[in-house]
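Each of the next two complexes has chain A plus one more chain, namely chain B in the first and chain C in the second.
Our next item is the complex of A and B:
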C-alpha cells in the first residue's frame, strides 16, 4: 500500500512518442490536447460551477474589501468611512495581541515539521514493516472532529483532575491550569496544533521521499557515502521542495487557525468568555469572528480579514523569495 | 533461503525505528484512547485522584445522556445531508468544469481558469460575511440550504480534477468523438469513468471537510435543531454542561463516521492528500 505519487496529473505524460520532433507535429500535439472546439459546450459545462463560485466566492472577496472601508449600520446600511477601520485596526491592542498569538502559534506548529520528517524517514526505511498501521495511527488526529479533539485535551489539561497534572505530581511537579494560565496557554494550544498536523505533514513528506529515485542512493553508496552522509547530501536536498511546500502550507493554515483554539479556550460559552487566558490565546480569525458576528462590527471584521489576507500573501511571497537559498529543484 | 535471512536480519536491525515509531504512535493515540475510556466512566469516577485507567464500572449511560442533551439524531441527519449533498454536488459540478478546462477550447478559457485559481488563493474567512449576507437576504438562515449551497462549489475540486483529466490518455475520448458523441457524452461516458481515482480522492476530502466544518454552521444555523454535529457539540461544550464523560461520548459518536470512512478508504484518502498537497 504505497502512496501513488506518479505525476499522473500535474505533468501529463507525453502521449505521442517524442521521436521526430517537428513544428507541424508539435502543433498537432498541442491542438490535440483540446479534443473539442465547440465553445457553447465549454460554457455550458463551466457555467454551474463558475456561476456558483462567482456568486459565493469571487464577488464576496470584492464585497469584503468594500465592507472594510465602510461602517455597518444597525439595520444593514453602510456608510463609507474610508480608511477608518484600518486606522482602528492599527491602534487596537486586541488586534496586535491576537496577531502576536497567531504568530506564536504558527512558529510553534512549524516546529512539528522536523518531527513529521523524522517519522516519514523512518516509515520510508527499506524493509520497514507495519507502515500502514503507523500511518493510520498518526493520521487519526487529522480526521477527528475538532470538537472531539478540544474536549479531550481540555480534560487532559485540567488543572485539578487532568491526567497531565496527576502524572506531574508523581514526580513532584505542581502543574498549572494549562489552558487558562496566560503563561502556558500558547504552548498548550500549540501542542494540540502539532498533534493534529504531524500526521498530515508526515504524509506529504513521505510522498516526497518516495519520489526520490533509488538510483541516487545507489550512486551515493558506490561513492562511499554512509547513511548519514546520504541523508544530508541526497535525501535533504531532494526533499527540500516538499519541505518548502509543507512549510508554506503550514504557515498559511496556521495563520488562519480558528476551530481548535476557539474550542480549547472555551470561547463558545453562551455566558460570555470566562477563560482568564482568553486574550492570550485569541487568534486573528477568532477576533474577526467575534467582531463580525457577535459585536456587529462587520466593517471592522472585514478590515481584519483583509489585513490577514495581505499578511498571508506577503509571508508567502517572502518564503518564495527565500527558497532560492535552500530549496533544490533537481 | 539466503534472501530470507538477509531480509530477516534487515528487519531485525529496524528495531530502533520501530521503537521510536511505537512511542510516537502511543503518544498520538493516547488522547483518543483516553477519550474513549473517559466516556465510559461515571462523572464521579472520571474526576478521581489518582485516576483509574480502565473504568471500574463501565458506564454506558453517558451515551444515552447525549441524546437527551442535544437533538443528536436531528444534528446527525443534518450533518449527513450537508456532507452528502455537498460532496455529490462538488463531484458533479467540479468534474464538468474541470473537463471543459482540460479538453474543450473556447474563447475566455484562460482568464476564466485564472479566476478559479484566484478563489483558491483566498483565505476562507474573506467569503464569510458576504455569504452570510446572501443567506440572510434569501431567508435561508437556520436551514439545510444554508449548510449545503455555498459548499457545493469548489475551486480546489475543479483544479484537482482538471489536473486529473489532463493526465488521462485522450485516445478513448477521440474514438468516442469520431463516433459522433457530443462533448457531454464523451465527458460522461468515457472521461468520467476513467477519472474514478481522482473523483474518489476529491469525494473523500470533501466528505471530511464538510463533516468537520465548524465556522460556517456556527454563523448561519444558530438553532440547535438545524445545526450539524460539529456546531452542536461546540455549543454543548460551551453550555454549562461540564459533565466531561457525556461530552466525550457525544464527541466520539459524532466523529466515529469519519473515522470509519477514513480507515475503510485510507489508501484513497492518503493518496488524495498526497496528490492535492503535492500539486495544490
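Our next item is the complex of A and C:
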C-alpha cells in the first residue's frame, strides 16, 4: 500500500481568484518549504515504528531469503549452494504433502466465513435479546491462547475417553480416533480452526452490517423486496468489502497455521511424529520447524518458508485482481 | 529420546526430605573468584543440582554457580543459538543424540582422563557411558547419570489374570503369551503397551534379536538387516497379530506411561528415570514393580546417560573443568542419588538411587548395566531418528508392511549419513 503524500489529495489548494501572480508564486514557495519541513517531521515520527519493522521484519526476511540459497549448519556455518535447496524442495514428497494439507485446511477454514456471516446477521436482527452475551461467547476463542485450545480439544477428541465419543456412544455411534486417524484428521483440525476464527470474522462482519444505511432497506421494501431478496440484493453487495477483507486475512493466516495443528497432533509430547495421522495433518510451517530446528537443515527450512511467502504473495495478488468482479465499494 | 512429560514434582520434594546433611570431607580448596553458569533442562532435578552446586561453592570460596534451567522443549534450540553467538553456559548437560553435533563442530572442550589434571577417570563409570562421550579418541563429557530400561508391571492386573509376575527367566515367548493372557477385551485392558519409542522399545529389541541400528563407522543404517527387522517385528506383532497392545492410534491419543499409570495396560517398558514418578504416587507405589526385559536371542538393554560438558569458548576453562570434576564426582553423585530422580553415573554411588525407593526392585535397573548396549548415535543423530519415527510409525499403524517401511527408512537414513560425511550438519 502506498501512502499519497502529495498535498493536493489531502488539502485541495484554495482558489483565490483576485490575487497578483507574484503573491501566488511566493505563497507556493512558502508552501513548498513548509511541506519540505513537514515531510521530515513525518519521517521522524514514523521512525521508531519503521526502525522496529526494519530490524525485526524486513532484515530477517532478507536474511532468510539469503540463507535459502545456503547450507546452513547448526552452529551458523554457511556455504553457498545456489538453487540446491529449491531443487530438493520441488522433489520432496513431504513438502507437497504438507502443502496439500495446508490447502485443505485453508479451504475448510474459509467455509467458516458463511457461518460467521450467519451469526453476524442473527446478532444484527432487531429485537434479538442477549446479543452482548452471544457476541462475547463467540469471541472468547479468539482471545484464548491456541496452545490452551489445542490441549483441550485434544482431550475432547481422545478416542477412548474423549467427551465427543462418549456423547456419540449414547446414540449408539462408535466414534473414531479423530486426531490420529488419517481419514478424519483434516476435518477435526479444521473444526477447531473454524471455531477459533468464527468470532473474529463475525465481529468484522457485524461492524460491516451496522454501517449499511437503513435508507437502502426502506427503499428496497418500498419496492416490494422481501427479507431474503433484501439480503442478497442490498446486504451482500454492501458487505462485500468486509467479506473480501476477512477472506484475504483468513487465507493468509490459514496458510501459516502452526501451533494449533502442531499441538492437536501431539507433536509437543513426543508422540507427534509417530501419530498415524501426522503426515496427513502436517502443515508447511510445521515441516519448516521440523527441518530447521530438529533436523538441523536450516538452509532447507529457509527455502520452505520462502516458497510459502511467495505463494501467499501470489494468492493475495490473485484475490485482489479477482475482487473487481464481486466487491462493491459504496 | 522421549521427553519426560507427565511427572509430578512431588517426587523430588518427598525424597529430598530423606536427604542427609553434607559430608564433612572437603577437597583441597583453591582460592580465586568467579561466576560459573550451569545449563540444565530437567525441572525435577533442579533441587539436586542446586544442592550439589552449593557444595561446590563451599569448597571454592569466592566462586558462585548459577544453575540455569531451560525446559527440554527449547533447551537445544536455545543452546545452539547461544553456542553460535558465544554466550552458552560455561558447563552444561549433554545427551547422546546431540553429542555428535557439538563435538564435531568443536563446541566442547576436551577433558583430560589421566595425569594430574584428570577431570575424570574412565574406570569410575560404566564403559558404555564413557565411550558415548568420546569423539575421535578425545573425551568431551564426564558422565553424570544413566538410565537403563526394564519391564514395569502392574501386580494387581497380573494377580487378577492369574499370571505369575515376570522375572529374569522371561523370554520373548513368555512376554507374548502372557501379554495375551493379560489382555481383557471386556474391561478394555491390554497386556502390554507397544508405542514407537526408541530407547525403551525398539533399540532394546533390535539388540536382543542380534540386529543393529547404525554401523560402527557410523556410515550405514542397519534397518535392512533381517535381525534388526526381527527386533521390530516383536512390537508390530504385539499390536496386529497378538492384539495384546493398544493400537498406535490409541497410544497417540493417550501416552503409554499414562495408560500404565491408570491401569489400562499391565506392562510397559520404561527407563529408570520414570521410577521416581511411579514412586511419587502412593497408590501406584503399592501396585507396580519392575523386572528385567525379556530375553530374545540374547539379553540386552539400552544404556543412555547425560554428561557434563564444558563450552569451548568459556572464559574460565580451569574453573569449569573443576566444576565438572566435582559434579561427576563422588559427592555430587551421592546427592543426586538421594534425590532419586536419576541414577548417578559414578560407580559406587548408584545404590543410593535404589535405596531412595525401597519398595521397588530397582536392583534390576542397576544390574542391567552388565548386559547393556550403548545408545546409537552419529554426528546429526536427530535427523535420522526423525526418519526412524516417521517410517516405523507406518509399520506400527499397519499402513505399510514392516519390510517396505524399513526399506524406505534404510534409504532415508543412508542418505542423511552420507550428508554427514560431507560435513553438512556443521
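Basically, the second predicted complex is superposed on the first by the 275 of 330 C-alpha atoms of A that agree within 3 Å, B and C clash if a C-alpha of one lies under 4 Å from a C-alpha of the other, contacts with A are read in each partner's own complex, and residues count from 1 in each chain.
One rule holds for everything that comes next: a contact is a pair of C-beta atoms (placed from the backbone, for glycine too) under 8 Å apart; a residue touches a chain by one contact, two chains touch by 3 or more.
These figures come from a predicted structure and were not determined experimentally.
Legend: residue contacts after superposition of the two complexes on their common chain; A:293 is shown touching both chain B and chain C. By the touch criterion defined above, A:266 reaches both chain B and chain C.
Ranked by how many residues of chain A each touches, chain B and chain C are led by B. In the superposed model, A:161 makes contact with both chain B and chain C. Of the two partner chains, chain B is the only one that A:61 touches; chain C does not reach it. Once chain A of one complex is fitted onto chain A of the other, the partner contacts of A:48 are limited to chain B, with no touch recorded for chain C. Chain A residues 160-161, 266, 268-271, 293 lie at the interface with chain B in one structure and with chain C in the other. Against chain A, in their complex, chain B makes its touches with residues 7, 10-11, 14, 17-18, 20-21, 24-25, 28-29, 31-32, 34-35, 38, 46-51, 93-94, 96-97, 99-101, 103-107, 109, 112, 115-116, 118-119, 122-134, 149-150, 152-155, 158, 160, 163-164, 166-167, 169-171, 173-174, 177, 182-184, 186-187, 198, 208, 211-212, 214-215, 218-219, 229-230, 233-235, 237-240, 244, 247-248, 251-252, 254-255, 258-259, 262-263, 266-267, 270-271, 273-275, 277-280.
Residue ranges on chain C touching chain A, taken from their complex, read 2-3, 5, 73, 77, 80, 83-84, 101, 105, 107, 188, 195-196, 248-255, 380, 382-383, 386, 389-390, 392-394, 396-397, 399, 424-426.
Residues 1, 3-5, 7-13, 15, 32-39, 41-46, 48-50, 52-61, 63-64, 67, 118-119, 122-123, 125-130, 134-141, 143-153, 155-156, 160-161, 163, 166, 195, 198-200, 203-204, 206-208, 242, 245-246, 249, 252, 255-256, 258-259, 262-263, 266-271, 285, 288-289, 292-293, 298, 301-302, 305-306, 308-309, 312 of chain A touch chain B in their complex. Of all residues in chain A, those touching chain C in their complex are 71, 73-77, 154, 157-162, 177, 179-182, 266, 268-271, 273-279, 290, 293-297.
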